[in-house]
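Structures given as structure tokens follow.
What follows is subunit A paired twice: with subunit B in the first complex and subunit C in the second.
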Partner chain A sequence: MSTKKSPLNRLRRSLGLETQNEWPSVARERLLAYGLLAVYVLIIWFPIYYIFITSIKPSSEVLSLPITFLPQSPTAQNYVDIFTNRPFDNYTINSMIVATTTTLICITLGTVTGYSFSRFDFMGNKSLLLSIVGARMIPPIALIVPFFQIMSNPPLIGGFTGSLYDTRLALILTYTFFNLPFAVWIMKNYFDGIPESLDEQARIDGCSRWEAFVKIILPMAKPGIAATAILAFIFSWNEFVFALVLTSSEQAQTLPIAVSLFVADDFVDWAHLAAGGMIAALPGILFGLFFQQYIVSGLTQGAVKE
Partner chain B sequence: MAHVELTDLVKEFDDVTAVDGISLDIPDESFTVLVGPSGCGKTTTLRLIAGLERATDGEIRIGENVVNDARAYERDIAMVFQNYALYPHKTVRDNMRFGLEQHDTAEEIISERVNETAELLQIEELLDRRPSELSGGQQQRVALGRAIVRDPAVFLMDEPLSNLDAKLRVQMRAELNKLHEELSTTTVYVTHDQVEAMTLADQIAVMDNGQIQQVGEPTHVYSNPRNMFVAGFLGSPSMNFLEGTLEESSAGKFELDLGGAVHNVPDEFTDALEPYLGDRVTLGIRPENIALNQDGVPANVHPATVEVVEPQGEKTVLELKLDTGQSIKAAVDPDTTVEMGDAVNLRFDRDSLQYFDPATGKSLTYDVKIEQQATI
Partner chain C sequence: MSIEKSPLRRKLDKLFVPLTVGPTLLWIAAIIVYPTAKLLFSSLQFRNPVTNELEFVGLRNFQRLILAREGSDAALGVFNPSFVSFTTNTVIYVGFSVSISFLLGLGIALLLDKDLKGRGWFRTAVIVPWILPYVMSGLMWRWMFQSDFGAINGALQRLGIISGNIPFLSDGALAMMALIIADVWVFTPFIIIILLAGLQNVPEQLYDAAEVDGASRWSRFWNVTYPFLKPSILVALTIRIIFDIRALDLVWVMTQGGPGKSTEVWASWLYRTAQVFNEPGTGAALGVVLLAVTFAIVASLYKIFGESPYEA
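Moving on to the complex of A and B:
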């Protein structure tokens, strides 16, 4: 064949069609597989597409029938509105600060703690690890009352007497509580996959235990750290229930709460809600796309022995 | 350069005693091999010397210093691990530089030493690659290079060849020999492979159950094992053991009743074996010291049947069944023409016979043989 690299030929090859007039069963099977995958992709992307087109429709078009799947008069007005009429800049900053701080705390403490659990055979390490991970097994909703009470009347530590209610700190503490066990668990397993002889070689080469960790092991753990970071970030970015209960104003409320505020008792402002939803979804998608290359290797490292 | 001295060294893990009071003198510039089956404590001993484990009791001396409380990097040692432990995120060059950088070596000296060592090991063209881009044999060289470049007082090697395929292992073994010739750095080498131990060592220490069973020159230990463990561990196929009752014949000679057949004990062992008259005694004979019968040798001929013939190229190993029912292996000339089921007569080389106490495993004839060798 002369045009080997044409898209048609590539398609034919991926369908298993090596010669022209042949439709073997393998081609039918592959067509079916492609078909199913295409349907699946449509199903998962349709809601996101629908929110996007809703966010660029004028309010009048959103509720008009029949539904338009291509906006008749696309506009950016909804986006302008939510930043001018509502403090969406505050909400975005809150979300950024809460998610980033939580992520930083989780990967910092998670790597150090995970490394300790992986390398040091101290008394009670197994039961300690189990109890840390076990705490995470409790459904978060069951802990909502104690969290509310503790944040409203925090114990006196260092003379601090105020309330943490409606502060970003309350959310950071809460999200760290939920994410740190995961971080410790993932990092512990990741470090288990790195042979201990590397630590030992580093110690013989002149490192202290800490230097061996920082100079040799940590650089090798980047994929694990990336996986931990993305899980912690996305959890904190998306979390709704605790943010709803522990905050009440724009000084601490995050994007998921902000989006929900477009739902009133007798009216839902769909167009602005969709614009807010897009703003809320975007960083997660970008963050995820950027780090996804690390996630799989981060989560499966240590699962297979080389 | 330094000698290493272990005195009454003990290492306990929770309820396991991995190293049980060993004392060993490793002379300066020697190549000492710790050999033994897995779990015998050889690797733990090496890790104690390296400073990767803390001794429960006893003393470790490197050169003039007691190093029990010194950190690994203060001991002036370099180690080669079984899995090489190359830093995967660093190039070969940076792997070799790392230890020197950690010791604040001057930049010119670092690059000079790295280049010299790379040349010595013929890995110059690999310097800018990462470990994942190297073959197993090349990784092994880099691991060696990383140890050599440090110019330490002692090399510690933990089964460094066991991850290589058979051919490469033989080749690297020869190279290790050559390297030691050239560098003369005191080396402590751990292996479970007795061939490796025999070929590399100036001094071999056979270990079992956390204790050193015997120390000495490889050929000496091979020919004069102190006990049945050492006798059985060194050599492939391993030494044959035949147990019988020691009796005195009417002519006043000692003989071993093997249960139907009689084995005559050479006269020089009579004194040593006298206390065991009437007791069980184990005869040890290496497969290569057994010959198929030549006519006209009256004593110590044992009839047997050939069960398996294994031609191995340079020798042929026969599995035989003695008429007394005991199994025995013989290594014979490859030209020997025998087949399964053949009836043969076996002759044991009288100079190679060993006798052991089957209860303790102790050699009963060790002292006699040493004396004999001294007088020759």
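Moving on to the complex of A and C:
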């Protein structure tokens, strides 16, 4: 009991207890909190674990009883299959092009516009900002009819005729509709947090407005831009409804559509679906693990500061 | 840097706001205002099944949508039975999903707000479900609930709780329950993130003061935490509700509104009407209803909660 290195004492110390015989309510409360959190995490990660092991089981094992919670003969065959028998390379490239382009458009426009809304009083800026925020509330699903009509039969601009239906461009244009207002709003809030005296000092030092923005303020806004970019990328990467309405072949279909295509009328190819699902989920899991603080700060900037 | 200012520089400086705001406004006009105007316009049109032409029909689409057609059965006196039943489904789905995930999210946020070692790891582990594609999450839960090879039936059997298979997704009430579980799984992280940020606003001294006063845990939450958390709760609930009313992904890949029409909600009804049945006018009318309901919900939530004295 009295040896300094017993596991019990280590536990006590890690719970912040100084003396050996003290088990106050604080410690008990912490243990309880750890316990509850651990149970919660185990429960919510179990489905992810189950779809993952399904993706590395041979199809025969997936559809045999009793079901196994540890794969008996792990294999990468399902992953190989979806890239050889199905155009998963196309789907992945489509997803990447659409998500990246949408993100670039939204952070470029969102950053410069957010800066102006943060710094300048111009005609109608308050009501303009309010309508941009309001635009975030428009349900995308409500607009599937007009977007389908517009993309199948776009208005004549510069002599362009023809349909944008089943093109990546249609998805990129459509995805800016929910990402751009969000980007403007997050960036405006982020710039609000950067003191205006920095702009003024730069102007006194002889910078033009553009130089002050690009050289002084923009570098300080990098974390905000990163948060916006990560969220816009995730929203675009995961989008399903417009991809369902606006695309019909592998020249534009994205990964969420590709995964849903494993569901046939009566039969679902679960082993391959699981592999495709893991591919579609990969960026989200990676972003979540490595850039969690950006996602949290972006959402908080975007939502709480109403 | 030079102090002199060339005329060009001065001119460019004057154009700063138009050049930084103008393109975005034009873009928004093209990609948000124009489609929304077109939605309102389409909701007044009807595709004639014989000529395949779009005809202007005034408010008839809304009438067809909400009121019972002449000579057919009506629900609650005058309403279209589909409208009543899909609205009920939507209310059940959104009501249960939002309240369960709110209570769960609040609990987890309060736990994560404690000064625990490894808090960052827990936070990461907890938010991942929200970042995954909803389609993949929906299919994952469909697989979990699958009656023969799904993990839930498998686990329940192994634990000896049930002997046969429960056909979760082919029973109306169970399918709705499965959908709600998937929805809670996907969206609870969002509640956690927003409430956790709100909890940062509670001044630590107030907790200490309450403890000195011997306030109970409940009274500490109600009198200290809640007033500071109120703005975050409002935001979390608002966004959660309006995003659930419009959500198609989970429903479409898990049940497609079935079995029968027992999980058909507004979003899947809209998609089915507009795309599957090729009735853009009726679909657009439903879109307008959805839009109006969304704004009404936001307005009334802000009215109910009122302005908080502790604005973030």
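Simple rule for what comes next: the second predicted complex is superposed on the first by the 267 of 306 C-alpha atoms of A that agree within 3 Å, B and C clash if a C-alpha of one lies under 4 Å from a C-alpha of the other, contacts with A are read in each partner's own complex, and residues count from 1 in each chain.
Here is the rule we use: a residue touches a chain if its C-beta (ideal position, glycine included) is under 8 Å from a C-beta of that chain, and two chains touch if they have at least 3 such contacts.
Since this is a predicted model, take the numbers as computed values, not measurements.
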Which partner chains sit in contact with A:256 here, subunit B, subunit C, both or neither? Use first/second/both/neither. second
By residue count, which of the two partners contacts subunit A more extensively, subunit B or subunit C? C
Would you check which partner chain A:205 touches, where first means subunit B only, second means subunit C only, and both and neither mean what they say? both
Examine A:216 and indicate which partner it touches, taking first as subunit B and second as subunit C; both and neither are also allowed. first
Have a look at where A:241 lands relative to subunit B and subunit C in the superposition and call it first, second, both or neither. second
A:195 contacts which: subunit B (first), subunit C (second), both, neither? first
Can A:80 be said to touch subunit B (first), subunit C (second), both, or neither? neither
Name the residues of subunit A shared by its contacts with subunit B and its contacts with subunit C. 205-208, 211
Which positions of subunit A touch subunit C when the two form their complex? 14, 29-30, 33-34, 36-37, 40-41, 44-48, 50-51, 54, 62-67, 69, 109-110, 112-113, 115-117, 120, 122, 128, 132, 135, 137-150, 173-174, 176-177, 180-181, 184, 205-211, 213, 234, 237-238, 240-241, 244-245, 255-257, 259-260, 262-263, 268, 270, 273-274, 277, 280-281, 284-285, 287-289, 292, 295-296, 299-300, 303-306
Quick one: which bits of subunit B touch subunit A in the complex? Just the residue numbers, please. 50-52, 71-73, 77-79, 81-83, 85, 87-89, 98-99, 102-103, 150
Considering the complex alone, what residue numbers of subunit A touch subunit B? 195, 197-198, 200-208, 211, 216, 219-220
Applying the document's contact rule, which stretches of subunit C touch subunit A when the two form their complex? 1-3, 5, 9, 12-13, 16-17, 20-21, 23-25, 27-28, 31-32, 34-36, 38-39, 42, 108, 111-112, 114, 116-117, 120, 122-129, 131-136, 139-144, 146, 148-151, 154, 157-158, 185, 190, 193-194, 196-198, 231-232, 235-236, 239, 242, 245-246, 248-249, 252-253, 267, 270-271, 274-275, 280, 283-284, 286-288, 290-291, 294-295, 298, 312
